[in-house]
Amino acid sequence: MNTALKRFIFFGSLLVLWEVIFQLNIWPKTMFPGPVGVANALVIGFTEGTLIFATLNSLKRLFIGLLFAVILGTLIGVLLAKYKTADETLGSLVTALQTIPSIVWLPLALTWFKFSEGAIIFVVILGGMWPMIMNMRMGFKNVEPILIKAAKTMGSSGFDLFRRVMIPASIPYAITGLRLSWAFSWRALMAGELIGPGPGLGYTLMFSRDLGNMNLVVALMVVIAVIGSIIDNLVFQPTEKKVLTRWGLEKAA
Amino acid sequence: GCGSDGGGQPSEDGDAETKKITMGYFPNLDHAPAIVGLKKDIFAKHLDGVEIKTEPFPDGNNFMDALNSGNLDIGYVGPGPAISRFMAGNDVVILASAANGATLIVAREGSGIEQVADLSGKSFCTPGIGCTHDVQLEKMMLDIGLTTNRIGGDVIHQKQPPATVEALFESEQMDAAALPEPWGTYLVETANASIIVEWDEVAWGETLPSVVLVSSKAFVEKNPELVKNFLKAHTEAIKFVNENRDDSITAINDTLYELTQKRLPESVLTKSWERMKFTSEVHSEALQEWADASYDLKFIQEPPKLDGLVDTTLIEEISK
Amino acid sequence: MFLSVDGVTKSFPQKGKDAYTVFENLQFEVNEGEFVSILGPSGCGKSTLLHIIGGLDAPTHGHARMNGQPITEPGPDRGFVFQEAALMPWLTVLENVMFGLKSLNKAEARQIAIDHLKLVHLSRFANAYPHELSGGMRQRVSIARALAIDPKVLLMDEPFGALDEQTRMMMHKELQDIWMKTKKTILFITHNIRESILLSDRILLMGTRPGRIIKQFDVRIARPRPANHPEFIQLEADIMQHLEGEITKVMKEELGYEYSA
Amino acid sequence: MNTALKRFIFFGSLLVLWEVIFQLNIWPKTMFPGPVGVANALVIGFTEGTLIFATLNSLKRLFIGLLFAVILGTLIGVLLAKYKTADETLGSLVTALQTIPSIVWLPLALTWFKFSEGAIIFVVILGGMWPMIMNMRMGFKNVEPILIKAAKTMGSSGFDLFRRVMIPASIPYAITGLRLSWAFSWRALMAGELIGPGPGLGYTLMFSRDLGNMNLVVALMVVIAVIGSIIDNLVFQPTEKKVLTRWGLEKAA
Amino acid sequence: MFLSVDGVTKSFPQKGKDAYTVFENLQFEVNEGEFVSILGPSGCGKSTLLHIIGGLDAPTHGHARMNGQPITEPGPDRGFVFQEAALMPWLTVLENVMFGLKSLNKAEARQIAIDHLKLVHLSRFANAYPHELSGGMRQRVSIARALAIDPKVLLMDEPFGALDEQTRMMMHKELQDIWMKTKKTILFITHNIRESILLSDRILLMGTRPGRIIKQFDVRIARPRPANHPEFIQLEADIMQHLEGEITKVMKEELGYEYSA
């Protein structure tokens, strides 16, 4: 049975189950919307174009934020993995900062970046950076010392060593970090779009929650989930599969 | 007292009314009847034999979610969430008002805004998008042909928690704000903001509730006596509040302090007190007009029908 | 004195116990162009010593020196064949061999890599990944990789250990050819006594617990060296006898040792 | 220079820097509180006892939630790593669900668990579970096949194999997962305490934000950060150090 | 027929190319209590074959059988010594050896583990972690671990490859003792021709590309076998000759092979 079919059956059954629970009326319909209402909200949003516009705007913010989160996360990760002093000082700070919810950063984002895209992107970076830092840090720490030694005897050091050994050797950690960064950047974006200029999915989310439009709330989640699935299928999964197969950790198809 | 003669007591016929009630409110000045009523044991007096659980809420969404999922029986909330949830199909009923008015529109010192018309090309913020105060201001703007960037106009609108507005004014990131009390007065007193529209000149200023007492139909139907007793307490609390301003303000500040370690300046609260009217009288037509404006402003997609949202039969009964 | 090991001690700290000293105050020299083998029982510190010379491990005391300068860093002037193959799992065989050739242009590097893969009979597997190779094949890639860089000094840690006797004999021939042609300095760890006699100018015999150099043997037989040369046989017997003494020592120790947790 | 001293200097300088920036009055004081005000809020909170009570209550919720998050995360992680079908179906669902912000779960939590500790804990579990799932999944996928083979030839299989090989072999991933879970559980708790009965740090956070008491907001973050540091120093760091040293990935002290 | 390899083929799929067939239709048998060695050039498929018999790898066609039953799963009845040591890095040496002994009580398991560590001269390192051992020491722990389980069949993949000649000779003696005493069935991969003659009842000679069994040799010399026994010398020369042919074949192929990316 191929992947697409399996997924079709799995998500199809989930959808049916959802509708059945919805019809059973166990929970108030206003709290637990059904698939038809959600589908409806999606159709309206896309035919009227508001959702398209919001999605594009949010995606732009997300990708810019994610890019910085990944770069910063990797750099700080190296720093923490490589220098014990950094790990013991900056590392503690990272441990502390990552527990801070996005909304607490909003006032600071506002003061520093005014009402601008910058403020939102700042919040996204702060949301997505931590998993990348933690995973890259561990990834670098887990590079087999013998590989580093081997590279050094072949004249590799500094940035060359970093690029040609440290980075590829920690790809399994990087992928996990990326996946988590992706998810947590979205979450931060939802909080970040409370400030700054609309439109955006987070903005719409807030708005529809205020108006008690649960159909639209779930519809937004569906949009985010579908985008996530597409990226996962096009980027993360193939990379992961390639790496794991090459390393002999997963059998080739 | 009044609660002991029947209402609070379970009747013997199996259709017993609940002996426990969960009540929600917000730690805010216009929730004075709730806060003071609790502090002064007015609710306890009228609901003799009923266990009262109280829960402060930070925002209308969570309040309505709690009510809707049966976790909350009765409570005080802004009319905005009540209306939008009613239209979204939630089981919610407005039993009485608690306070009317309490919206103030202010502008930053040096913003050059003296009246609503000056907002053109400027920015303002409200605690929510399409919230009570937002619709009030945007309706006034609409009447003179101004719209926000949300629907193609040139006035920039932002959602901002009232507490951050001071800093936004200070850093000149925001020009004006339509806010619930006591935040408007607070800005006037501490940040030299100027009043563009006084509370009673705002659209539906004196008639639109800022806090209503809501419950769910299901709860009211099941516990009519209990609700009646609650309403008795409610009216007594309103009376008390109206007669004991300073006492009430102290009680509210104490509650704020318990929750947040912070007290608002008494002078602000006293001035603010004059910008709202504590009353149980609901003006249904103001609510309907407000909702219609909300539709005109494209906050909601369908023409609002609020029939059945307000049910004043019980309060009328007890006031007889 | 091209390479020298100058009073080198290596010990590893141990939790709750005294540090474990692998060897103490080692002293020897290797001349430029010399082929020196190190023989010794398992665990006596051969790899540790080679790592120190390679600059991959820091000695606890003393210094390994190259041209009189203390060695503190690894460098491409000292090629290393590790006891384990140590290939990059994310690179193909070809890319692994090309790893150290990045200063050359791509085509040139590729040609050199392929030539060296042919040397170890693996050009057919150029595009395979390390996990698709057998143990012996991996070891051969590792050899090709070190030779491809063409370093002045070759430090080889049991390079032919995982090879079958025929392949090993061919590798012996290739290594000797390379050595004769390029006059590299080679330090070569093995536990095959014949191999050491066959290849090297000098053999260092290491003992264990603590690690130390028991004896040095100069091999003066003319190359190529027939295994049935009487001097060869004599030397083999000599070395064997010395090593046996070491092993017996360990065995006796072991029998008398009572394990306690 | 020992760790404590390094940290003292590092955090001391940060504190001084903070005060200097605060005194420079670059940003509005209502958005950017200074260390003295924060310290004051801490002192009041602890002498009056409100913060102590809130902290204890939050910690209780956090630990229960985290416990479930870790167990569930590990189990789902195994499932995804081991069964391709699960990875392709449930895995996609996980990818989708983890992007959903905690606040969207609140109405569901309320409907399912009523106004109770359960609702909050549910949100915490949903917050902390994802990093654990993703890291354990990758951890299990990265166990060297030869170690599994070796264990199997010694008669280990099923749960025994899981317990004695898979789990220890993926400890480096588990630690990273745990650290992230810890952080994201806190974040979820802050959102979750919007519903459900007080007191709690998130509960206090929300109200003090609404009232503009930024001193207390930052004080709460300091409390969380300090708790995080303590746990990190007492649990995560020693475990990590022990593992990395044993595996020869880090030099013994 | 205790163990049999019954028409076993193994091929690995390759991206964009035909599958790489390691060997095809292999056929041989091993009797209970027999000591069989497998000799062959690097990369011919010896490890792959042993993994299939161990139940660690699935054959593409055919079956390995034990007592007539197809082998599909590894099991503690077949002890395995891997070509790489494959020790659990998070366990001490002692714990590694005790890994397979969990059905016994702790004290008993510990005693058995220590006994086997003494056998390989490592009881002193019982509390060390694998990364603190030398390559040869790790391999010895791996041997101790397999022997400790006391399986009916021992599958050993170049177990003594990383050992110095003295230690190896002692291990030969120990293994023979164990085999004679317990009459285990042993399948033993090596590339040391002498070792195979010294230890085994029968030698399977594998060729490469594709992997296949070229020839079988019965060793009928009485034990203990002196290396200077004429039959020994004759057999050694025979095997050497056969293997040389294989290697030459590979070499010729290699020289004629043009790499293209």
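For reference, chains read A, B, C, D and E in written order, and residue numbers begin at 1 within each chain.
Basically, a residue touches a chain if its C-beta (ideal position, glycine included) is under 8 Å from a C-beta of that chain, and two chains touch if they have at least 3 such contacts.
This one's a predicted model, so the numbers in the text were calculated from it and none came from an experiment.
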Inset, instruction - Can you give the shortest number of steps from chain D to chain E, where adjacent chains in the path must touch? - result: 1
Inset, instruction - Trace the shortest sequence of touching chains from chain B to chain E and report its length in steps. - result: 2
Legend entry - Remotest chain, chain C as reference, centres from CA atoms: B
Inset, instruction - Compare the CA centroid of chain E with every other chain's and tell me the farthest one. - result: B
Legend entry - Inter-centroid spacing, chain E versus chain C (mean Cα positions, whole Å): 25
Inset, instruction - Would you mind pulling out the distance in Å between where the CA atoms of chain A average out and where those of chain B do? - result: 38
Inset, instruction - Quick one: report the Å distance separating chain A from chain D, using the average Cα coordinate of each chain. - result: 17
Legend entry - Interchain centroid distance [CA atoms averaged], chain B/chain C, Å: 83
Legend entry - Multi-chain contact sites of chain C, meaning residues that touch two or more partners: 84, 132
Inset, instruction - Check each residue of chain D and list the ones that touch at least two other chains. - result: 27-28, 31, 107, 110-111, 209, 248
Inset, instruction - List, in ascending order, every residue of chain B touching at least 2 other chains. - result: 65, 68-69, 164, 167, 171
Inset, instruction - Quick one: which bits of chain C touch chain A in the complex? Just the residue numbers, please. - result: 51, 54-56, 73-76, 78-80, 82, 84, 86-91, 99-100, 102-103, 129-132, 145-146, 149
Inset, instruction - Spell out the part of chain E that touches chain C in their complex, as residue ranges. - result: 12, 39-43, 45-48, 83-84, 94, 110, 114, 117-118, 121-124, 126-127, 132-137, 140, 158, 161-168, 170, 191-193, 240, 243-244, 246-247, 250-251, 253-255, 257, 259, 261
Legend entry - In the complex with chain C, residue positions of chain A that touch it: 146-147, 149-156, 160, 164-165, 168-169, 171, 243, 246-248
Legend entry - chain B residues touching chain D - in the complex, by the definition given at the top: 22, 27, 55-56, 58-59, 62, 65-66, 68-72, 161-164, 166-167, 170-171, 256, 258-262, 264
Legend entry - Complex contact set, residues of chain A against chain B: 27-31, 107, 110-111, 114-115, 194-195, 197-198, 206-207, 209-214
